[in-house]
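In order of appearance the chains are A, B, C, D, E and F, and numbering begins at 1 in each one.
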Amino acid sequence: MKFGVVVSEGPYTHQASDTAYHFVTAALAAGHEVPRVFFYHDGVNVGTRLSIPPQDERNIQEQWSALAKEHGTDLVICIAAAQRRGLLDKNEADRQGKDADNIAEGFRISGLGQLIEMGIDADRLMTFGD
Amino acid sequence: MATLHTVNKSPFETQALLSCLGHTKAGDTVLLIEDGVYGAVGNTALADAVAGLGGAVTLAVLAPDLKARGIDEGRLMDGVKTVDYAGFVELAAEHDRTQAWL
Amino acid sequence: MEDGVKKFLYVNRKAPYGTIYALEALEVVLIGAAFDQDVSLAFLDDGVFQLTKAQDTKEIGVKNFSPTFRALGDYEVTKLYVEKESLDERGLTADDLQEITYEDEDDDWAEKPSIIIVSRSEMADVMAGQDVILSF
Amino acid sequence: MATLHTVNKSPFETQALLSCLGHTKAGDTVLLIEDGVYGAVGNTALADAVAGLGGAVTLAVLAPDLKARGIDEGRLMDGVKTVDYAGFVELAAEHDRTQAWL
Amino acid sequence: MEDGVKKFLYVNRKAPYGTIYALEALEVVLIGAAFDQDVSLAFLDDGVFQLTKAQDTKEIGVKNFSPTFRALGDYEVTKLYVEKESLDERGLTADDLQEITYEDEDDDWAEKPSIIIVSRSEMADVMAGQDVILSF
Amino acid sequence: MKFGVVVSEGPYTHQASDTAYHFVTAALAAGHEVPRVFFYHDGVNVGTRLSIPPQDERNIQEQWSALAKEHGTDLVICIAAAQRRGLLDKNEADRQGKDADNIAEGFRISGLGQLIEMGIDADRLMTFGD
């Protein structure tokens, strides 16, 4: 079965991105497909490579980046939500005249159309938020 | 054509669980996750409202979130089913759609 | 689901302005309208506050997005289900909501109301009839 | 030695306002801001609980947040005072401490 | 306020793990302990869940910070007010909470309980007696 | 009178940082002092210079940066909260081996002690959060 997943809250502050990660891991282990995870609202903050969590805590961004690498999951950050909140890739930074970018490996920035497409393609859509 | 409802808020803090219960249909499952798991505990000010559902709707709770909060399964209301993350995935696959009550 | 068309429901349960969910839900609806799916919006609990008249955000310095609801008809988003019990509990009636209409192309472009007031039990039926539910 | 309490959540969504009202003392002021302003409206399922406070506690509401949400001042419960941001600052200065009910 | 010492109250009203507020509140308390102020903690509403026994977060992959409450005595944070009505409503009693103690230097280092169960009205008195209230 | 202000939620997602800004502006206009604003929890995200809000929306970071410039208000971002969430200044980025930083002008990163100090120094402490 094909799952689509929406993550609507940022890392550490809400448990949503942790629960989503455990759900996706369990779905893949059970033989299901998770072609895409869409990060919306504060969820876009999951995809920053600049976080430095304490050593006795999980690294949420690295968990997702590793998952994308191993399973080819498409981690899409919503561009509109990301711009409001200061999440950028190199391209967007250059285009907007910003002197830095902060997106992590395995994530990409794209439009809300990718969320709708995911809803159309998936057999089940899951939302993890607040 | 049944729905899996997820509730991730404490029923003592927000109205999400009550609103969810008001919109379930026979055959649906309500899965309590994250801070929502407090809604599955018996002997609280809220347990009666939850028990009032009758048997038409299955109440389930995510065990990893229960353990995290130190809630012994013996304290759950009668008839509450516990699942792990694999069981959560199974529930999502078995039902026709999932609705998150945020 | 027929002809690859899915039934999408956008569920709005939060008040406007205190949090951004209402605005960002509307942004999804506008983009989603281009995909030729069968789209409905549900307003219940504090979500009914999103549709009230006379919102004026000048003094809080936040963008007033409530006029956008009136443009939804142009995007062929014409089914806005509003729960009566949620209105009642909040001391609101249908008259407190904006007038939101669309032109029905199957009926000589007659102007019709987009807001459909439903009971809680009817709202549960609307929800149970969907393929995809997006919650905000 | 009075306290200014602020509540920024809708009383239809969370317990913050009710919890706040349970911890006020005579002479205190409860100021409703952001989504909290819905708690000042009369003729709702919640208005009785709020009115039950009696006169020992002053209920105030932030007018810019009322206007943003399209609430006419005529719909407020009797005795509710409206303030702008300058009035908010005055309330904070006049009371001995501020407690935010988040 | 005497001798430049202020009464600080940290108010905890949220459950642990679903959100980070409980953990980050504790981080403020630990840093604040170095400032020689008169410190109290209040636990009410869902905040009482922070103090329960037997928390085991292994399966959710989040750090279990509940043992830190037992170390507060070493930081001379010895007043943890817990509201009885909040416990009752949640089906909890004092026995469901961790044992948290401190050694009283003014009483030959006798071990004493840090948790003080108070009624809602007593909690209101505690709050009204503070100089600075930090809410989480 | 001297006000201390805590901002506990990020920009745009919650109204808290807006309300705090209007409160501080009104306090300064009334002749009060606001020597410091402390950003904690998701509030640290207010201080990113990489955000690009839509043109018809307020720019929350720029509002605060301008306020700091005009009134000398000390805008302090909590380092522990910032590290979890990916908010860094140049120094911290260098020290932690990160290849970019994202803090905005007028903000500085420091410890939680600055929050306690603010509580001690201020006549009134205000918290804006969720």
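Remarks
One rule holds in what follows: a contact is a pair of C-beta atoms (placed from the backbone, for glycine too) under 8 Å apart; a residue touches a chain by one contact, two chains touch by 3 or more.
What you see is a predicted model, and the numbers here were worked out from it, not measured in a lab.
Looking at chain C and chain D, the chains in contact with each of them are B, F.
Least step count on the touch graph, chain B to chain C: 1.
With steps allowed only between chains in touch, the distance from chain D over to chain E comes to 1.
Chain C maps onto chain E through a rotation of 180 degrees [Cα fit, steps of 5, range 0 to 180].
Greatest centre-to-centre distance from chain C is found for E, with centres as Cα means. Because chain A and chain F share one sequence, their contact can be compared position by position; here over half of the interface residue numbers appear on both sides. The interface with the largest number of contacting C-beta pairs joins chains A-F.
Rounded to whole angstrom, the centroid-to-centroid distance between chain D and chain F, based on C-alpha atoms, equals 26 Å.
Averaged C-alpha coordinates give centres for chain B and chain E that are 29 Å from one another.
Mean C-alpha positions place chain C and chain F at a centre distance of 35 Å. Along chain A, residues 12-13, 15, 19, 22, 41, 54, 57, 80, 125, 127, 129-130 each make contact with two or more other chains.
Residue positions of chain D touching 2 or more other chains: 8, 12-13, 15, 34-35, 64, 84, 97-98, 100, 102.
For chain C, the set of residues touching two or more other chains reads 17-20, 45, 60, 62, 132-133, 135. In summary, the structure contains touching chain pairs A-B, A-C, A-E, A-F, B-C, B-D, B-E, C-D, C-F, D-E, D-F, E-F. On the chain B side of its complex with chain D, the touching residues are 12-15. Looking at the complex, you find that chain A touches chain B at residues 1, 3, 8, 15-16, 19, 22-23, 25-27, 29-30, 32, 124-130. For chain C in complex with chain D, the residues that touch the partner chain are 14-19, 45-46, 49, 52-60, 62, 64, 66, 88-91. For chain A in complex with chain E, the touching residues are 12-15, 18-19, 21-22, 54, 56-58, 130. Listing the residues of chain B that touch chain A in their complex gives 8, 33-35, 64, 84-86, 88-90, 92-93, 97-98, 100, 102.
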